[in-house]
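Chain IDs A, B, C, D, E and F follow the sequence of writing; residue 1 opens each chain.
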Amino acid sequence: MKKIEAIIKPFRLDEVLEALKAVGVTGMTVTEVKGFGRQKGRKELYRGAEHEVEFVPKTMIALVVSDELLDQSVDAIVEAARTGKIGDGKIFVSEIGEAIRVRTGERGKSVL
Amino acid sequence: MKKIEAIIKPFRLDEVLEALKAVGVTGMTVTEVKGFGRQKGRKELYRGAEHEVEFVPKTMIALVVSDELLDQSVDAIVEAARTGKIGDGKIFVSEIGEAIRVRTGERGKSVL
Amino acid sequence: MKKIEAIIKPFRLDEVLEALKAVGVTGMTVTEVKGFGRQKGRKELYRGAEHEVEFVPKTMIALVVSDELLDQSVDAIVEAARTGKIGDGKIFVSEIGEAIRVRTGERGKSVL
Amino acid sequence: MKVLFYIVFSVVAIFCGTDAFAAELLSAGDTAWVMVSTALVLLMLPGLALFYAGMVRSKNVLSTVMMSFMAMGVIAIEWVVLGYSGAFGGMGGPLFGGFDQLMLSGIGPASLSGTIPTYSFVAFQGMFAIITPALISGAVVERMKFGVYTLFILLWSIIVYNPVAHWVWGEGGWLLEHGALDFAGGTVIHISSGASALAVIWVLGKRRGFLKEAFVPHSLPMTLTGAGLLWFGWFGFNAGSALAANGTAAMALLSTNTASAAGLLGWLIAEKIKFGKPSALGAASGCVAGLVAITPGAGFVTPAWAIPVGFVGGVICFYAVCMKTRLGYDDALDVIGIHGVGGFWGAIITGVVATVGTGSLMTGDTRQFVVQIVGAVAVAVYAFIVTYVICRILDAVFGLRVSSADELNGLDHSEHGEGAYNI
Amino acid sequence: MKVLFYIVFSVVAIFCGTDAFAAELLSAGDTAWVMVSTALVLLMLPGLALFYAGMVRSKNVLSTVMMSFMAMGVIAIEWVVLGYSGAFGGMGGPLFGGFDQLMLSGIGPASLSGTIPTYSFVAFQGMFAIITPALISGAVVERMKFGVYTLFILLWSIIVYNPVAHWVWGEGGWLLEHGALDFAGGTVIHISSGASALAVIWVLGKRRGFLKEAFVPHSLPMTLTGAGLLWFGWFGFNAGSALAANGTAAMALLSTNTASAAGLLGWLIAEKIKFGKPSALGAASGCVAGLVAITPGAGFVTPAWAIPVGFVGGVICFYAVCMKTRLGYDDALDVIGIHGVGGFWGAIITGVVATVGTGSLMTGDTRQFVVQIVGAVAVAVYAFIVTYVICRILDAVFGLRVSSADELNGLDHSEHGEGAYNI
Amino acid sequence: MKVLFYIVFSVVAIFCGTDAFAAELLSAGDTAWVMVSTALVLLMLPGLALFYAGMVRSKNVLSTVMMSFMAMGVIAIEWVVLGYSGAFGGMGGPLFGGFDQLMLSGIGPASLSGTIPTYSFVAFQGMFAIITPALISGAVVERMKFGVYTLFILLWSIIVYNPVAHWVWGEGGWLLEHGALDFAGGTVIHISSGASALAVIWVLGKRRGFLKEAFVPHSLPMTLTGAGLLWFGWFGFNAGSALAANGTAAMALLSTNTASAAGLLGWLIAEKIKFGKPSALGAASGCVAGLVAITPGAGFVTPAWAIPVGFVGGVICFYAVCMKTRLGYDDALDVIGIHGVGGFWGAIITGVVATVGTGSLMTGDTRQFVVQIVGAVAVAVYAFIVTYVICRILDAVFGLRVSSADELNGLDHSEHGEGAYNI
C-alpha cells in the first residue's frame, strides 16, 4: 500500500475529488494547510503598511491506495490539479505498512 | 519506530486519548481534517436548495511509538474509537527512520 | 528523499522558516495542530469552574528534502525551534519514495 | 406605580370613548422614548442569541441562536393574537386578563395608554413576552428538540407568562393590588424564567458527558458581543419601563448602568479570589447579573444604592453558578444561577433599599419587604409547577430530547440541516 | 399621506420666510424619534453587510462588507451634494426634483419640515438613499469589480433612485399625485433594488461554478447577527417614516414587528414542508421577507392584518428563491427573490388590506389597488431599463467583472489586498 | 454654548430650590433624545472592543475586549462616586469641579439640567468618561497587565479626565470661559486620549517582534462590525451633545454622518494612491477618522462643510498612521494617529469653518481660531505629562508589562485564563 500526499491549490479540490473517484479511489482525507514554496505569498495591506505574507493557503489530500492504483491516482491528481501556474503543488509518495479499519478491525488492502 | 495515523470520529477523541494513555503512550499530535469515504456526507439546506456535503469532519491522530507499543496502541484506538457505524475511520501504520527531541537534541526511542 | 515532520511551538515558526531558508530549503507545508505530551495543557476558567485543557496548540512543519540536506535541515529546525522549555516539540524523519511536481509532471529530487 | 394608574386610567378613558380627551394626553417625547425602548428590547433577542451561542460548542451554534429567533417568531404573533389580552385585557380580575382584546380588537392608532399610544404599550410589553421564554432556552440548549421547544414556549407564554404578567402589572392583578414592586420585570421575567428553567431541565436531563467532558465555549468574542448588546438593550428594558421620558426613566437608566458595572466588578473580584484570574466570560456574566439584580428596582433605587445592588448581585450569582457542578444539575448556560438567583436577589433587595416613590425596609416599611418576598416566591412556585407539568406532557407525547446520535453530531445538523461555519 | 402634506406645507412656509411660524411647530419628541430612526436605518448598513457577508465564501467576506460600507461613503456625500435636491428639491415637477438645494443650500438649523428640523428630514431620507444601492450589492458579490461597483452605485443613485424617490415622495411626484401608497419605501427601495439587481446580473453574468459547486455560507452566525440588526433597524425604517412619534408610528412599529415574525414563520413552515427541516438561514431570510412585505403598508395596515402580509410574504419569497436554481440566473444573495418579489407583494397587498387612513380593496377602493400595481410596475420597469443601460456602458468602458483568476482567489485579496481571517 | 448656559442656569435653579420652576422646563422630547444618546454612546464600548479586538492576534482577543469592558466596569462606578462631582460639581473654579456632589448627593429624579433630568445629564456625561480611557487601551494592547491597566484608568480618569472635562465643559472651566469650542469632545476625549496614549507607550515599550514580524489582524469582519457600531453610536455622541432634540442636534447628526463618509473616502483614496488598493480596514479607519474630525465642530459646522472636514481628516490620519513605522513607536492600534492627530485637526478646523452659532476664521474671528489651538495644546500637554508620571509610578511599583513568556503565549491566557475560540 502506498500513501499519496498531494498539496494542491484549494480551488482544485472538487476537480481532484472527481478525478480520483473516476479511477476508483473510495476514500481520502483532506487538511487545510499553509504552503511555502516558489509561489510567493501576496502583499497585504495593513493600516498604512504593506507586508508580505510568506505562506499561501493550500489543501493537502492524503490517500492510501493499493500499489496497483498508485500510478493512476497520481496521474489523476496531476491532471485535475494542474492550472499551469507556479504553486500548483507537489505529490509525495511513501510506503504504508499496515491499514486497519476501525469499525471491523480488519486489516490490509480491503480496508482502503 | 512506527507512525500510527488514525482517522476517527471527532467525538471519540477523548476516549481514544484515555485508551492510549492507559497503554503508556505519552505523546501524540491531533489535526482537524475532512474525510471522504463510505460514510456519506450530510444534506445541507441553503436557501431554497439542498446540497450534499461530500466531506465529513474527522479527527486525525498521529503518534509515533516504539515497535513494541505498536500493537497495543492500534488495539487501543480500534476499541476506543469504534461505534460500529460506517465512518468509524481507518488506521495507517508506517515506518519512522529517526526521531529527535527539539529541546535536548537527543535522538531515538527515548524521544517518544 | 526524506520527509521531515517537525512539531514545534507556534511562535517559533518564523525563526524556523528563516533557518530553513538559510540552509537552502525551498518548500514546506505547515499545519496547525494540537499536541499532547509532557507539556501540560493550561487551566482554563469557565463560569465558576476550572478545567484542564489537555491539548496545547502546536504547529507542524512538513518538508521533503534530498538525503544530503537532511541533517542540516534537522539541525536548523532544532536550533531555531528550541526555547529550552518542555514542549519544544519533536522531529520525525521518514522515507519518501517519489515526488511529483503537479505543474510539470516531473519527478524526483528536482521537484523539491 | 403611578405609571400603572395612568395606564389604567387612560384605558378606561378610551373605553368610554373619550378620544378627544385622550388625544390631549399624547406626549411625542414619551412616545418616542417608549418606541425606542421597544426597539432596544427587541435587540436583546439577537443579543441573547449571541450571548448564549458563543458559549455552546460549535456544533450547536445555530440551534442555540434559533431558540431566540423562534421566540421572536412565535411569541410576537401570540402576543398580538391573544397574549396582550390575556395579560392586560379584561375587567380586572386578580389572576388573568381577558379575552376582549384578542387580535388587539378595539385598539387603533388613536388609542392611548397614559401619554403614549396603546400600540406602543402593546409593542413594548410584547418584547418582554418574547424575551422571557428565550431566556429559558439557555438551560436546554445542546439537547432539546427544536419543534418541541417551539411548542413549549408557545404553551409556556400562554399559561405561565401571561398570567404572571397580569398578576404584577395588569389592572387588578393580585400582586399589583398588594403593591409588589417590579419596575421592569425582575419577578415577571427573571424569576419566572429561572424557576421554569429548573423545571424543564428536571424533565429534560443532562447533556451527554456533563461533568465528564469540559464543554468549552466555542467563541467568547461572540458571547461578549451579545453581552454588549444586552447591556445596551437593557436601557430600554429598564428605563423604558417608566413609560415616559422623565426623571424616573433617567434615574432608572443611570441606576441600570451603575448596577451593571457593579455586577461586572463583583463577579470579577469573586472570581479573582477563587481562581486567581478575572475572566472575560466572568465580565459578561457579571454585567448580566448586575442588570438582572437592578431590574425590579431600577425606578425605585438611586444610582448610589445601585452599586451594592449590582455588586452583591454579581457576587451571589457567581457563587450560585459555582454550585451547579456541585449539585450536578445541567443548567447549560446558567439560567437558574443568573436569572433565577439574580431575580430573587433583586426582588428582595428592592424591598430593602427602594426609596424613590415607595417605601422599603430602609424607610421602615416592613410590609413592602414582605410583599416582595411573597411575590417572588409565588411566581417561582407557580412557574415551576406549571412548567414541570407542561414538560412532562410534552415529553410523554413527543419526547423533549433529540436522539443520542443527534446530540453527538450536534443539533445544527439534526434540527436545522446546517453547519454554522465553513471557513 | 398626511405626513407628506405637512412636509410640503412647511417647506413652503420656510421658503416664504415664515421662520417664526415654523419654529412654533417644532416638536422635540418627533425630532427625537426621527433622529433615532435615522440612526437605526444607518445601523442597517453594517447589519446588511453582516447579513450578506455571512453568506459568501470566506475569500469574499471583506469585499462583500465593503460594498455596503462604500454605499455609506459615496451616497452619504452624494445626498448632501445633490441627491436631496434631486429627490425633494425643485418646484414640484412630476418626474424630477430640482437643483435649487444643491449642497443643502437654503437649509439651516432653524428650517423645519413638518414638526422636525429639515436637517433631520434630510438625514433620514439620506439613509434610504444609502441603503438601496447597498441592497443591490447582494446580487453581484463575489465577482464584480469594486471600483466599477462604486461608480455604478453613484450613477444609479442619481439616475434611478433620486427620480423614483421623487415620484413617490417628492412634492408633485406623479405617483404621489395619483395617491400611490408607499409608507416606508416598498416601491422606492425594494422594488427598485430588486429590478435593478436583475438588470445588473444580466450584464454581469454568473459566478464561476454556479450550479456546479455548492456556494456554502461561510458563517451563518454572521448572517443571523446581521438579520438581528436589520430587524432592529427596520423599526426606524418603517416607524420612523411616520416622521413623528405618534399613533401612526406606534402602529407601524407594531405591524412591522408582527410581519417580521410572521415572515419568519412562513418561510420556516414552507421550508419544513419542502425539505423537512426549518433552517437558521431560513429564519433570517424569512424575517427579512416579512419586513420587506410590510414596508409599504406599515402605517396603513393594522397589526392583526400584518400577520398574513408577513406570513404570505415569507412563503412567496421562499418559493421565489427556490426558483432561482431552476431559472438559472445567479442572483447571488437573492435580492430579486426577496426584495423584488417581496416588494411587489407588499405594494399590492397594501392595496388590498390597508384600512388605516386610506382605502383599499377591503374598503371597496379599487382605484387604490390599481394605483398600487401601476406604481410597482412603473418603478420596476424604469429601474430595470436604466440600470441595464448603465451597466452595459460601464461594462463596455471598464468591464464589470474581475478576472477569472481573481474570482478564484477571492475578491478580498484582488480588490482590497486583505484576507478576512487570520486565526 | 447655549446649551451650557442652560445647564448652568438650571443647576443654579435647582440649588435655589425652585423645583416647581425647574419642572416646567422638562422636555420629554429632549429627555428621550439624551437618554437614547446615552445608550448609543454606551454601545460604542462594545463597538470599540470589537473594533480593537479584530485587529489583534487571536491570542490577545479577550484581553483587548476586556480593556473596554473594564472601563465600563470601573469608570461607571467612579463617575457616580466622584467623577461627576469632580468634573461638573463645585462652585465654578477654573481648574477642577468640586466635592459637593459625591455619590450624586443632592440630585433626585426631579432635578433638572436645562430641559432634561440631571440624572440624564449625569448618565450621558458618564459615557464620555467611560469611553475615553477605553480609547487609550488601543495603544497598549497585547502587552499591558490587566490589573495595572485597571488601576491606571481609574487614576487617569480622576486626575486627567475629570479636570479636563471641567476645563472645557464645567461651570467656570477656564477653556469654557475663553470660549473654546468643543461640541462633543474632540479635545476632552480625542486629544486627551491620543496624547495620553503616547505617554503610556513611552513607558510601556514596544511589543516583542514589532517591525520584525507582521502583526496581522485576526478578524477584520470583527473590526468592521465594531466600526459599524461606532458609526451608529457616534450619532448619540455628537448629536446627543446638543442636549436637546432640536435643529442643532439635527445638524450635528447630519454633519457627523457626512464627515464620517468623507473620512472613509479620504482614507481610501489616499490608500489607493499609495498602495494601489482601498482596503476594508482603511474604510473602517477612515470612517472613524472622519468621526473624530467632526466631533468638536459637529454642532457648529454645516453638513456641506463637514465634507472637507471629514475628508481631510481621513487623509491626514492615514498619513499619520503611515508614519508610525517610520518613527518606530508601537502605538498598537493607532490611537495617536487617529484620535490624537484627528482630534487636533478637528479642534483647529473648527476654528476655521464653524459658522453656526459661533465665529471662526471664515467669519473673521481670529480669536476663536487661536483659542482652539490653545485649548488643544493645553489639553495635550497636561494629559501627556500627568499620564507619563502616573505610568512611571505604576511601572516602578507593579510593572506595566506582562512577562515575555506571557506575551508570547498571549494575554488571553495569562491575564484571563481563557482562549477566545474553540472552533
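In this text, a contact is a pair of C-beta atoms (placed from the backbone, for glycine too) under 8 Å apart; a residue touches a chain by one contact, two chains touch by 3 or more.
Everything quoted here is computed from the prediction, not taken from an experiment.
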- Query: Listed by label, which chains are in contact with chain C and with chain D?
  - Reply: B, F
- Task: Decide which interface, A-F or A-E, involves more C-beta pairs in contact, and give its chain pair.
- Result: A-F
- Message: I'd like the Å distance between the centres of chain D and chain F, where a centre is the mean of that chain's Cα atoms.
- Response: 33
- Please compute the C-alpha centroid of chain A, do the same for chain D, then give the distance between them in whole Å. 52
- Where chain B touches two or more other chains simultaneously, the residues are 31, 44-46, 50, 53, 94-95
- Query: So which bits of chain D are touching at least two other chains?
  - Reply: 27-30, 32-33, 36, 216-217, 225, 245, 275, 277, 279, 281, 416-419, 421
- Query: Every pair of chains that touch: which are they?
  - Reply: A-B, A-C, A-E, A-F, B-C, B-D, B-E, C-D, C-F, D-E, D-F, E-F
- Message: Per the contact definition, I'd like the list of chain B residues that touch chain E in the complex.
- Response: 44-53
- What residues on chain E touch chain B, complex-wise? 214-217, 271, 275, 277, 279, 281-282, 285, 318-319, 321-325, 334, 337
- Item | Touching residues on chain A, where the partner in the complex is chain C | 2, 6-8, 31-38, 54-55, 58, 60, 74, 77-78, 81-95
- Note on the structure: The residues of chain D that touch chain B in their complex are 213, 408-409, 413, 416-419
- Note on the structure: Listed in rising order, the residues of chain A that touch chain E in the complex are 11, 14, 42-46, 50, 53
